[in-house]
Amino acid sequence: MNFIKGFFGFTVGSLRVVLKGTGAYYAWMALLFVLMAVGGAAYLAQFSEGLGVTNLKDQLSWGFYIGNFAFLVGVAAAAVVLVIPAYVYGWKPTKEVVLLGELMAVAAIVMCMLFVTVDVGRPEMVWHMMPFIGTPNFPFSMLTWDVLVLSAYLAVNLFVVTYLTYTSYLGRPYNARLVLPIVFLSIPLAIGIHTVTAFLFVALPARPFWHGAILAPRFIASAFCSGPALLLLIFMVLRKVGAFKIRDEALVKVGELMAYAMAVNLFLLGTEVFKELYYPTAHSIHAEFQWFGIEEHGGGHHVGLAAWAWMALSFNLTAFVLLAVPAFRHKTSLLTLGCVLAFCGVYIEKGMGLLLPGMTPGVLGEIYEYAPSATEIAVGVGIWGTGALLFTLMVKVTMAINDGEFRRKSPA
Amino acid sequence: METPVPESPDGEPPGGYTPPPHQPLIWGLLGTVALLVVAGTTMRLAQNPDAPRPANVLRALPDDGKATLADEPEMDDEYDPCSDCHEDEETNFTVREMDEEHDELEFKHGTTWCLDCHDIEDRDYLHLAGGTKVDFDDTSTLCGQCHGAKIPDWKAGIHGKRTGHWRGDKTYQPCISCHDPHVPGFEPVKPEAPPERPTLIGAEDHHAPEAAEVDAPEKGAGDE
Amino acid sequence: MSSDSKRASRREFFKVLGAGAATAAVTAPTAALGFDLDTFFQKHFRRMDDDELQAVIERKAAEYAKTYGKEFTVKATPAYEDVLFGYGLDISRCIGCRRCVHACVEENNQSRDPEIQWIRVLEFERESAIRGIDLEAGNPYYDPETVPQKDKFYMPIACMQCEDSPCTNVCPTGATWRSNDGIVVIDYDWCIGCRYCMAACPYGARHFNWKEPTLPADEVNTNIHLLGNAPRKKGVVEKCHWCIHRTREGKYPACLEACPVGARKFGNLLDPDSEIRQIMATKRTFVLKSELGTNPKFFYFFGGAER
């Protein structure tokens, strides 16, 4: 009873916390609501008319939504992996780093699930995939594995976050023996979710661009660039608004780890390039389309993706240099730039840069130059807004608890 | 004339042979006539479409019971029966193009000409190279003479169209249902409409017919 | 698979005529809300027992009658025993006329707008086949005055009904599966439209209803099989099913009957006397993308041209 009363107080109190803030906070929240409204309206149109409001076709049936999904799974995975260095390098504040990482993971997973939901033709029937009430094609379908591990990951992270936050609110110490094993469980789960998501694509021999074992390691490597990049940027923002104190050394350390991850990412890209260029086969046409564009039989030159591919590569290379060279890394402005470039580079490379070459040319050799429609982009923006909102709300509450502002009032 | 028969000591003829008594001439004549009538009837019957025929001559491709051969296409009344005109005509053996009668007929069948298939004596029949007559309701036998390599495929249903049931009654076609015997090659046909090309929402289809009309090789993809 | 054979032994020839208005009255109350509970909670085809299936058939017949104003024959005919279907395509004969494409559209109640076509005919230049059949070189949009064009050949492509189909493997809900007679079927009411199967199919055989399909009432085919040519709705995947409503009653598929040059052959691979077995025994057959191990049941062959 006490627990329920306490939790009720926690919920009501949280509401009060999130409704109070600085002018910048209100502006940020207003922006997010606008984005969500735009996305919501766009999705309503899609739900009523069908996925024909996107630019997806039979020839290219997965695009913007699944690209975002693949990217965000990486972000979700990597957020939690910072737990290891936090402990190994003895960061203070370790707990906050872990907590923020988990919060970002929760927000990212929610965004992943939203992106998949908006991509599905009949979202009201998704229960067909659930055990007991539905008929999941487990263990053959990688999608069932993905739902399983993503749900498990979300559950684990939500539990840890709620437990840590609630015990702080109560002013009680957390039970390390309960929490730490679960936190450490989330690490292999993190690797697991991203490997399973990669396997979603690797499992398709019909798509030679994806049908290679290296896709799973590439996913992990690029995730370790994008996830920490976003987290670092968030740390810097929070530090600036005074909600969170973290030393430069900790940020720089993360930057260094990102440099290693980017090195691996670039190396793995190099191995793929060697494979395609040394002795091109018919399957190399996908990479050719991505980097150089291709001539269609009978005329018509398709260059759609080349600019994006080279741009992403230059972002990644620049980010690597900025993060690898200590002198650059130690300058906050360059560290920030490196993070932004890494995030954007991986977003392009792993989002559309993964989906579109995989499906262009199509299985019957047809080239359809897809670009997301306005509706798709609106829905996507709405989902990012939703994730950002969720994250902001959770951070606001967490920070308030951390600062001691938001504590349970002991009964008189 | 009488052959003197030597007397034997015991009265029996030598070798046990007793010549038959004389037959009257009339029986010989009747027998010959009867023989001629039977021979003639048999030959005539062999040419009668309604009478049963020897299987190895005219029905070289028996039904195996697995599929039903459809009826032959109807012949044009104007030309049926052919003997109406040709009975009294003298045969002109010169290989030539028809420029009087049958001049409206297009003919493109390799190096053959009319009398290679149409019977020389009786135009109500076709004929094989050796002279054996082939009926107009059994034309595939004639086609098979030269295009025999096709016959097993045709009987098996690999060549030619079948309709009906894969399990149950199925019908296959005589050769001339699809191949006009005078112009057996298929004429090209107009194809049905191509599928729509996928286009971005709001974008124009740059492969649309107006663009393809400009006959430049670098425009459009495969519309030429 | 076992439920298929159980069904086969229980009801050999299962055919029900729709009831019509009477049944519609039962579903009217919830339908008035624009939301039908029976439809929403309809079970997976393979999990339904006879009574449930019967109820679904009656409900659907009533729905279709209401939508199209015609009486429908709705079936769920099970597979014949000892039948494995095979299809042969004589590429020395195909002239690229696309009569099969449109016969299929009419027979199978495909959406006219947006246009859905289950058969795609690729035109190749003979020269391009020097390096083997390269699908990159195939053009589905050819539109000359007449076909066949000189120095070109034509290959129609549709679902290969693969024995080791990648699509059935990846479907998260099990909405698509391979039947006992080899036909890969889709339970349209169970499909959630995730399109993973479309990503997995190497032949581009699967098609999605990106919008609500348009099917004019005067063009609808009322002789339907639930797993075949039943009218679909937006958000689900569909594909060729070898005219399951015909072939499971011994008839040839519509595309075969439409072909003017007899390039299409169909039958039971387990029957040595069938046309398709004779083709396998006497002709050179090949399948597309054999290196992927899909083990298709649609075979291309050369019947032999005189020229």
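Lettered A, B and C in written order, each chain numbered from 1.
Keep this in mind: a contact is a pair of C-beta atoms (placed from the backbone, for glycine too) under 8 Å apart; a residue touches a chain by one contact, two chains touch by 3 or more.
Keep in mind that what you see is a predicted model, and the values were worked out from it rather than measured.
Enquirer: Based on Cα centres, what is the most central chain?
Expert: Going by the distance between chain centres and the overall C-alpha centre, it is C.
Enquirer: Going by the touch criterion at the top, tell me which pair is linked by more C-beta contacts: A-B or A-C.
Expert: A-C
Enquirer: Calculate how many whole Å lie between the centre of subunit A and the centre of subunit C, each centre taken as the average of the chain's C-alpha atoms.
Expert: 39
Enquirer: Could you state the distance in Å from the CA-based centre of subunit A to that of subunit B?
Expert: Centres of subunit A and subunit B (C-alpha means) sit 76 Å apart.
Enquirer: Which subunit C residues touch at least two other chains?
Expert: If we look for residues of subunit C contacting two or more partner chains, we find 120, 139-140.
Enquirer: Return the residues of subunit B touching two or more other chains; collapse runs of consecutive numbers into ranges.
Expert: Residue numbers touching two or more other chains: 221-223.
Enquirer: So which stretches of subunit A touch two or more other chains?
Expert: 57-59, 297-298
Enquirer: In the complex formed with subunit B, which residues of subunit A make contact?
Expert: Contacts found on subunit A: 53, 55, 57-60, 296-300, 368-371, 373-374.
Enquirer: Would you mind writing out the residues of subunit A in touch with subunit C in their complex?
Expert: 49-52, 54, 56-59, 61-62, 116, 119-126, 128-129, 134-137, 140-144, 147, 200, 203-207, 282, 285, 297-298, 359, 361-366
Enquirer: Going by the contact rule set out above, which residues of subunit C touch subunit A in the complex?
Expert: Touching subunit A: residues 40, 44, 47, 114, 120, 122, 128, 134-140, 157, 166, 169-175, 190-196, 198-204, 206-212, 234-237, 289, 292-293 of subunit C.
Enquirer: If you look only at subunit B, which of its residues touch subunit A in the complex?
Expert: So the residues of subunit B touching subunit A come out as 198, 200-201, 217-224.
Enquirer: Contact residues on subunit C for subunit B in the complex?
Expert: So the residues of subunit C in touch with subunit B come to 80, 88, 90, 95-99, 101-102, 115, 117, 120, 123, 139-149, 247, 250-252, 256-257, 259-262, 265-268, 273-275, 278-279, 282-283, 303-304, 306.
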